[in-house]
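Presented below are the structures under discussion, each in the form of structure tokens.
In the two complexes below, subunit A is the common chain; its partner is subunit B in one and subunit C in the other.
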Partner chain A sequence: MSSSRRGKRRSTGDALAMVFLCLLSVVFIFPFYWVITGGFKDQRLTIQLPPQWFPVKPTLSNYVRLFDNSAGVWLLNSVFTSLTAMLLVCGVSVPAGYVLAKKRFHGRSMIFAMFVAAMALPKQVILVPLVRLVSSWGFHNTLAAVILPAVGWPFGIFLIKQFSQTIPGEILEAAKIDGCSELRTLMHIVVPMVKPGIGALAIFTFINTWNDYFMQLIMLNSRSRLTLPLGVATMQQEFATNYGVLMAGATLAALPILIVFFVFQQYFTQGITMGSVKG
Partner chain B sequence: MKRVVTILLMTVLLLSAHVAAQAPATQLKAEVTWWSFPNFLTVDGIPGKHEQSIIKAFNAKYPNIKVNIEMIDFASGPEKIVTAIQGGTAPDVLFDAPGRIIDYGKNGVLANLNDMFTAEFIKDVNNKNVIDACKVGSNFYMYPISTAPFLMAFNKDMLQKHGLLHMLPTEGDRTWTTSQYTALLKALKAKNERGAIVFCISQGGDQGTRAFMANLFNSSITDAAVTKYTINDSNGVKGLQYVVDAIKDGLLLNGSASDGTGAIDEFCAQRVSHTILFSPGLQAVKQHMTNFEPIMAPYPSENGTPALEYLIDGFCVLNNGDANRIKAAKLLIDFICNDPVWGPKNVVATNTFPVRSSFGNLYKGDGTMTFLAGLTKYYAPYYNTINGFAAMRTAWFPALQAAFSGEKTAKKALDDFVKAANESIKR
Partner chain C sequence: MDPGYRGALKPTGGSSAWHKRRPLELRETLVSYAFLLPALAFFGVFVVYPILVGVFTSFFDYTMRKFDFVGLDNYIRLFGDKIFLKSMKNTILLVAGAVPMVVIFSVFISSTIYQKSPLVRSLFRGVFYLPVVTGTVSVTVVWKWIFDPFSGVLNWVLQSAGLTDQPIMWLGDRRYALWAILAVLFTTSIGQPVVLYTAALGNLDKSQIEAAEIDGASDWQVFRYVKWPGMMPTTLYVAVITTINSFQCFSLIQLLTSGGPNYNTSTVMYLLYERAFKLMQFGYANAMGVVLAVVIGIISILQFRVFGSNVEY
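The block that comes next holds the complex of A and B.
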């Protein structure tokens, strides 16, 4: 087979693949499109058949209704809890994961096994004791009640441990010989080397906390302390759903996640590929 | 001198204790938390706004009782309540319906409201079904405020457009027979309009499907004393077979993939001619979501006398072990339900009907509401407080799915359901 024919066949294959991928991306993007445009439609139009594919007379009434209902406060609460949990989880997981990966001490394997076992526990199992504990600390119905239980996330420690194992021992020894303290080694050697892992963990934690509807539902009660998904849920009646408001709320709720994803995207993809072959 | 001072101090202490004990309820100092499902219609589209105005009025009378209102939603609220009870973070007052409240009462987490069920109140309610729905044994756990029947609703504009409105009873109590209903279904099909969705993907709105099928041939879901399920009698089987056949004939729609909300949304979007679950409260909520006039009717029955399921809204007090808070919670409930101004106002805010007959007709001049208020005489025994009610519900929709798919005959599906449901009573 001549190389020109092979090249032609390849370009046809590429074109077909491109068409297929474009169609696939439409399938994935369409729900987002529908939710975003639905937020600008009147309730009657959101359930109309044939559907109105694009809001002909866009309205901001759904957003007005949302913000009349303290959606701004709910959004801030969601952002605050997710960001704080993200920072704290990274802050705890990095040293813990590093120590478990690189330090030799008695019970190390046991501790790691306990973390792995904790990952298998469904949240529902620990919920009631957790509520009692948080309540005894006086944190129930505060944002801390959602943030603090997220901090010792076993998955975060597991992830960073796997990344830390890729750090060559020689570098750490060299740092020690040069007189680096443990903290300095952690901050100046370990952290830069596991940056992709931290990026991936940051995204996972942010999304996980943002979407942890169940924990937020159980821990938060006051209207001023609700997160965005919880607040939007209170606007639903038993057999009546205002899809316009719901879609406006979903759009608002998706925005911060998209922003965080784009900011950490580079680390995220690096993190996934590195984590898949190392450790 | 020391002794005199001590005696004086003791006297002052005793006197103040006596004064405190004699202090009117208006001086009671407490902080209570009230969790409310969105049972009241929203004001300005803001859930909880009506509740805030109640609290403001309540505080004018009881300035030392601080009330925190927290709204919960129907989808996740029940789970939240159960976890809060187990986790020790339950509210003091809950506005819900007897199904769940009586379950909490049976589990011993509620304070009894026996002192609120005065002879005057029971006489004023004058409805044994409603009173019985509020108690477990001899203890009352729910204080009812309002009630409303569950009905069907048709798209009046659609019927008018096709000249079929005369086939639906529109006068008096609008009661009708199954054969009249069948005639209307056939006429709608001839005009290429779709019948109601008999939804059964989940428990959502399942009271509608049970009432619909039980009424078609005058079966009953339970016996009159509400001790066992009886919908598998020959009339109940005829009712389910009627629905199976109607689905096959294209008169009704198989709702194995729909829940109550979805089916009602289809009705509101005018994609089906009617819904087998509707209520006055829903009509008020859906008003701004529909482009047509819905018209409600009781379920059709063979003899033309329906047995209606109904909603009862009411309050319970969770026993958090603080007598002061329980007392304050009862005062709040009493104010919401019985205050001469706020009692009727709160009933209207649910768009349902008062359980107190002394409130009279709160919807004077509104023909639809007057018609609906007259339906209380068709109320069937209230079975939502039966033991194992929640477990029974998990057996109902699979029974319908099995019958609709042909996996089981109507008789087998109902026999299996009744067996499972009766077992749930014993558990």
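The block that comes next holds the complex of A and C.
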């Protein structure tokens, strides 16, 4: 086959593929567009057919109603939960991932295999005992009940191990010869070198904790303790078809993590691929 | 969503050779354990202990009032429970639908975008990642409206186009409800595979592809015999995570249909939640969890057998 024919056929195929991709993108973007604009529409207009594609007379009434419904507290709860989980996960995973990648000690393979096996286990299998445990400590219906189990999940250790493997052994060796203490080595050599990994882990944990609807649903129940997504879900049951308020809530619940995602997208994609490609 | 335990399956090689060269230093071991301690503490308390308790209590008639040893009764009861069997069937249908759909679409999307400019690439990646980032609650708010029989846009489009004259109860009709769930599950599952396949395509051996093209292989042949085998490790990983995520599909179902109509969209995960936290049948729910874990384990192993035969670790 001559190269020009190949080239021509390839470009037609590619153009068709791009058209299809753009159409598919509409399916992915439209819900999102609809939620944002819907939050600014009068309640009546959100269920009108044919749909009003753009809010002609934008209103803030949905947001006002949302904040009358303790959305402010929910927002704070979500921010606090996600930030704390993020800090704890990073704090626990960095030293653990580093030693698993760079140190040789008895039981290393066994511990690592255990962490990996746990990642393959569906988290929900341990659900009932976890709830009982957390309740027996008096943590039920507190944000700690959502945060602490999230820290027990070993994905972060695995991710940091993947990144730590790229640290050259000579540097660690040199630090040791220079009399650098283990803790100093960790803080001043390892942490700066696995920074992209910590960045990825931080964003993952933040987004996952924010969206961990299942744990929040089970662990939290009084109105002032809800997180934002959970609060919106509760409203979904209460105001069954008040799409205006629901869409305002959905926007508010998605916006902070969207910002985090788009600002740190680079770290994020790096983390996803690092986590799966053999290191 | 746990991107990435697959890479871990390669043996953590080298350590045995190490043993021979010099004995492990005690100090090194002590330091390592000190650094691992916080992780091990959290892991032990919030993962290992609940697993042991969960398996143990699955042999008990365990409710708010009772805690009686019943042996395998819970498990025997499960396989005679019509609602459980229905939920298992739904779960398997979702997995069987979602996994091939996610693999095919993400391969297609990433093949199309990977040779484009970085801007276009990250734009599309962002679009397909959107439902993952925004979270199930936000996603379901719109889909509920889209599927709404009277004020939703889907029926409006179909009716305007003259394809139907009766409004269709997408989430309330047992013929359609599971399909509707599958569609939403698909949109929330494709983001990560697109990122992974785009990266995998970038890592393929360019010289092999060029050699095949010079030898006159068609685009399809290049894909089928060079690119696709090269992406096998990614496909294995994508298949496994999509399987696990679909098995665990809960929030979509709880928020869109609550398992209805008449348990036609109930999954094992949803039923487990209902039995444990609404009916307080803890022992029975734990038995369900154990069965779920075993089924996921078996399917993952099968996937390794099928896709992993030419994968090197």
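We take it that the second predicted complex is superposed on the first by the 232 of 279 C-alpha atoms of A that agree within 3 Å, B and C clash if a C-alpha of one lies under 4 Å from a C-alpha of the other, contacts with A are read in each partner's own complex, and residues count from 1 in each chain.
FYI, a residue touches a chain if its C-beta (ideal position, glycine included) is under 8 Å from a C-beta of that chain, and two chains touch if they have at least 3 such contacts.
Because the structure is a prediction, the values reported are computed rather than measured.
In the superposed pair of complexes, A:Leu127 makes contact with subunit B and with subunit C alike.
Contact with neither subunit B nor subunit C is seen for A:Ile259 once the two complexes are overlaid on the shared chain.
By the touch criterion defined above, A:Asp14 lies against subunit C but remains apart from subunit B after alignment on the C-alpha atoms of chain A. Judged by the touch definition given at the top, the superposed model places A:Leu60 against neither subunit B nor subunit C.
Shared-chain residue A:Arg223: touches subunit B; no touch with subunit C. In the superposition on chain A, A:Ser135 makes contact with subunit B only, while subunit C stays out of contact range. Touched residues of subunit A, counted separately for subunit B and subunit C, are more numerous for C.
By the touch criterion defined above, A:Leu49 lies against subunit B and subunit C together after alignment on the C-alpha atoms of chain A. Contacts of A:Gln236 after superposition on the shared chain: both subunit B and subunit C are touched.
On subunit A, the patch touched by subunit B and the patch touched by subunit C overlap at residues 47-49, 127-128, 131-132, 213-214, 217-218, 233, 236, 241. Within the complex, the subunit B residues that touch subunit A are 33, 35, 37-38, 42, 44-48, 68-76, 79-80, 83-84, 86-89, 91, 204-205, 260-261, 264-265, 268-269, 271, 277, 282, 285-286, 288-291.
Taken in their complex, subunit A has these residues touching subunit C: 1, 6, 9-10, 13-14, 17-18, 21, 24-25, 27-29, 31-32, 34-35, 38, 46-51, 91-93, 95-96, 98-100, 103-106, 108-109, 111-112, 114-116, 118-133, 148-149, 151-155, 157-159, 162, 182, 186, 204, 207-208, 210-211, 213-214, 217-218, 229-230, 232-233, 236, 241, 243, 246-247, 249-251, 253-254, 257-258, 261-262, 265, 269, 271-279. Contact residues on subunit A toward subunit B in their complex (touch as defined above): 43-44, 47-49, 65, 68-69, 127-128, 131-132, 135, 140-141, 213-214, 217-218, 221-223, 233-242. Residue ranges of subunit C in contact with subunit A, taken from their complex: 1-10, 12, 15, 18, 24, 28-29, 31-33, 35-36, 38-40, 42-43, 45-51, 53-54, 57, 105, 108-109, 111-113, 122, 124-131, 133-146, 148, 151, 153, 156, 160, 187, 192, 195-196, 199-200, 203, 213, 216, 218-219, 233-234, 237, 240, 244, 247-248, 250-251, 254-255, 269, 272-273, 276-277, 282, 285-286, 289-290, 292-293, 296-297, 300, 313.
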